[in-house]
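Which chain is which? They are A, B, C, D, E and F, in the order written, and residues in each are numbered from 1.
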């Protein structure tokens, strides 16, 4: 990004403003549509401003890991396909895509969102495998929050396709918690939430905080080649808990 | 190829001629030798003019696909090894090699040449896997026809190695039809069959038509970055049926 | 390496000397420490002058090869990680790393060092798999000898972790022979043992000879883009047998 | 392509299982300019198929040695999302998608004016979000509109659809079950002027059936072309005259 | 992260299973300059973790297109030896090591004075020879010392360790069993001045517990910093004054 | 290399299972110039082995950074066709073929006059169509002739064959069953002058046996050299004198 654009954004922030007129802790408009992909067992399209992410969930029987013989398995993958940004390239996920997938996975896993023991079919032999596939369509910033929201929304509306495998009737995937990721960047003294692409590139360091329904923290990730003060961390955590609650109430009520 | 060579070829065609003196619908000399590779269960060396292709068939027991539990499996691969052309590079098959393998495979599969149900050993557990490996040795044009001819010739002379696996006596692979591929290019108004490397590069668009013994069409592929008229398509199909019949009679009589 | 350095080394050799003052058949100091890696079933750190190699052995149950249903399996891998030399690059082993692993493997395998039949658990179903992983830490020349020494030392101190898999008590890996690799280069008429990095690059052709406890030869490899005289081969073999005996007595007495 | 056990009738009271006549396309929905980052984009539904196409370029070629001195190169990447099919697909290209990418690129190259942009690349990316037979034709249709949306100079649009044979009858635009259990499939792509830029066929057809299939598929392409054209005209008629003119001209001049 | 069946007490008579207090680090051993070929190197033990870090550079960038005109790029490769973990690991990078490499690089980049060496690269390689929870933090500690050993100009050293939660209590520097069966893990890295350059968290913590965990981990980093500093001073105090000054200055000036 | 159960006699009435004496090569057939596209080529049968070698070059090096300023580089790719062995081999290089490629290249490099063609590459490709022990030596023999056919300046030809030990006896040119169940295998390659350019050994031999094996293999190489030379002379003696002279000179001058 041109230096002049960076300076402009910095000066705006000094004046307490953002290029698109949002407050520092204000999210872009969120549109969430579930069930668009009939061939998936659960799906969600998230629009976060102009950022667009499609998440598909597929559920299939498979073998458990040998150290958790009575638990279902979650496999999360993120595809930063070159359709979504001039900076994405074809090929297997690079470290940005891998980090994204792993942070989305961390939120789902560590919050205990999925009752994995309820996904055991035959101990040690067969369990349900949950594939969470994040497909980025348009990267206009803050993929972490958009992808995490898509993942939990797709999971909450997913059905276990038991009938298809002769394993009884289909039933809703048992979801026990609702993790929500909230990402912010530090800009001098200011903390800005839901950064767009420009803001991400100026600030160069993000902090993502994933919170659970009871207000606990179940995942964090500092991302980017800069540093962050401890004070900023705690301020971000405080606001993240609030924002997550709003998002949960607005979009993820069961 | 140098522009001057292109012009030369174009002008020849306008005069109704080809550089090597062939008629427009005339094939280069074909030499077919089968059984040269004793370690393969079937093999064929095809010489189409200077183009040389070796096809080996290996037959081994393996698992059927879950949606066709009582059918054998065909797996076709083509190696455009760098020995065969200055433009081939080492590495896994690129899109040209993949297309070649898939068109050869299409002919064998869609014609029903192999009686796949006769290749079931134990339903849902064990079937014969037919590996068709196309190994290009010298690319002097029209790999599609040479490879397809090699594939069916190798299959027609292949033995199922049952004894080796304690599954009874060896027996000839059950071949029910004889697909033959015929490739032509459009040159202005002219249609030229069995193009050599130069002609391929001038015309830049090929049409391959695969026909069965009863004169049906079981596979087609337009290949190359140009367009073709519907009229040309049907003219090629008509001649392809004739040419295929001649090749079948000359080389593939059971 | 600069030409001037090459000339210098050549001239030294003409005078019967080496840059570090060693005799032609003299090894650099060897330090061998075993058992440093508690998580491995056997391990050895070899320092050969400044060259450092860590070898870890892991032993796990697995399936035998179908043609040797009652024998354990040896799998040898060498990682030339970029930490060890400015000329090593990240990625899967290149041909230098593959050659190194295969020569180390050849010594262990062809000497019959491991009693593979004693590693059968259930014929045709389950045997012990021995993974020998060579991890180069600092490449200051003669990786072949350092890696081979590390491999046999790690094997000789390895325990089969039977208890962990409910297969009885742990027991020492049954080692029946002690292969030792000895590498030399030809420099004009001179033969120089245990070459360092500079000497390797000047001489450009190495000969590695692996001998067994009874003085037989169980593996050889000429490596590098030059030639070697038959006379030199036999002179190297003679001295290699002596050197190997010394190393065996000093470091590998059971 | 059909087994005895699976035999079922594809026609009931003269119409197909989804109520279509033999010569009828599935419902089509096209949206243009759906992505912010891409230079041009298009979302398309053809029956249950859902695809998005994006175009980037003309832009610099990486790696350099792929550059052509006298013209732009065109790249096309057809990719299926893991969740787009019944059984989860492993991410990344497989042999089928490699072939589809090649023939799709070759379906569009004949109309792209590559000589306008030497040494550059036009990248076309097609993501299949849901697949139900015909994704390659849907992808080509969407890509053609996305190219226009990106302002890439073209001789004309390209329109694409398939014809098939089921229960002995030639039908337009086969859906999944017709494709899986039918007797033949013939996807084509063509210019508004009728030049064929994609032609593949598998199954089994007589020469006469092939002719009827190509004729029917061409009729389908013509219908799709009208929809593509309308979408572009609608989008650009609200714009400044010169942009509009150019886009509409491209969409329309050859019909 | 904990299952009912596996419940066990992590404390006995007020100390942890290995005899440590809640706020106590595992034994640390650091050796600097352990490799001859690398420009800088460091071997580190943190409890049962054994890691080696090497630094090469500043040197030329391959492939060229990765070059940055105004600064050096930093690369970091975290790699586990196949024999470093209970079950043999397949050689080469996996998804976890890719993520660790990324966050570790980003933990060190804030202090490397990359603008001194435009168009070049500083390569950091970390090999884990034995793993026992905390390898990423051990790797960052070793890499930081190796950078100093290589003479790479830095604003300061970086020190790294984790805090965790086990049996409801916040503890410093969890070992393997505490990490596997504990309730949360918070690895951090920081400058001597207290700026956080690595922060990750998984498990489940209240806001208050998080604050205590970060405070505890920072205290751990400060102890590690003193050890890193001492090792560098010891090594370079025997050298010619100017070299020594530089290394010691780097090691010390910001505390 | 031998198990008790598999014990069988490799000699019957003083000759080997295929009727050869201990010091006898398998039947050899060499054809030169068998490929139209390659700059030089050679088809070779050694017993049941069938290999083809092609040479391209000297030509430009891709990628560029592999270029050497003062000489040509030599590349060698040994590849087995999937159908060349009993059990179908997965296409593409494996660890064994990587090693064979390396030692084969190093067997030929000593005679190629690389300084004549700085910055270029000589590519040698060997395809094994049928394997029956000794493919690497057959490949080197074929490649050597293909290099001459391509007109690549060489100090001399290279000839290659193996000796083995079966039933306690040293034999020349082991076939598959002798190699699989024998006690040792020693493939070598050499110049007509007797310099060894390939030497590998596996199995178990005394020093004395090794010497006899190398001597026997060298004798085999000398026989093969005569055949290679004759093939080249026959081919080029029909050509214009100067071409012939050069090729024949190369084939002959060092013997």
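By our rule, a residue touches a chain if its C-beta (ideal position, glycine included) is under 8 Å from a C-beta of that chain, and two chains touch if they have at least 3 such contacts.
Computed from a predicted model, the values in this text were never measured in an experiment.
Student: By label order, what chains touch subunit A and subunit F together?
Tutor: none
Student: Just how far, in Å, is the C-alpha centre of subunit E from the one of subunit B?
Tutor: That pair's centroid distance is 58 Å.
Student: Indicate the whole-number Å distance between the mean C-alpha point of subunit A and the mean C-alpha point of subunit B.
Tutor: Those two chain centres are 49 Å apart.
Student: Centre to centre, by mean C-alpha position, how many angstrom separate subunit C and subunit E?
Tutor: Here subunit C and subunit E have centroids separated by 32 Å.
Student: Roughly how far is subunit A from subunit E, centre to centre by C-alpha average, rounded to an integer in Å?
Tutor: Distance between chain centres, rounded to whole Å: 27 Å.
Student: Which parts of subunit E, given as residue numbers and ranges, touch two or more other chains?
Tutor: none
Student: Two-or-more-chain contact residues of subunit B, please, as numbers and ranges.
Tutor: There are none in subunit B.
Student: Write down the ring's chain sequence, where subunit A leads and subunit E follows directly.
Tutor: Here the ring order, subunit A leading and subunit E following, is A, E, C, F, B, D.
Student: Can you tell me which positions in subunit C touch subunit F when the two form their complex?
Tutor: 93, 95-96, 98-99, 101-102, 106, 109-112, 205, 207, 212, 215-230, 233-234, 237-238, 241
Student: Quick check: in the complex, which residue numbers of subunit E touch subunit C?
Tutor: Interface residues on the subunit E side: 35-38, 48, 50, 52-54, 56, 59, 77, 79, 81-88, 91-93, 123, 125-127, 129-132.
Student: Over in the complex, which subunit D residues touch subunit B? Could you list them?
Tutor: Where subunit D meets subunit B, its residues are 1, 74, 95-96, 98-99, 101-103, 105-106, 109-110, 186, 191, 194-207, 210-211, 214, 218.
Student: Report the residues of subunit A in contact with subunit D in the complex, numbered from low to high.
Tutor: Residues of subunit A touching subunit D: 36-40, 43, 50, 52, 54, 56-58, 60, 77, 79, 81-86, 90, 92, 131, 133, 135, 137-140.
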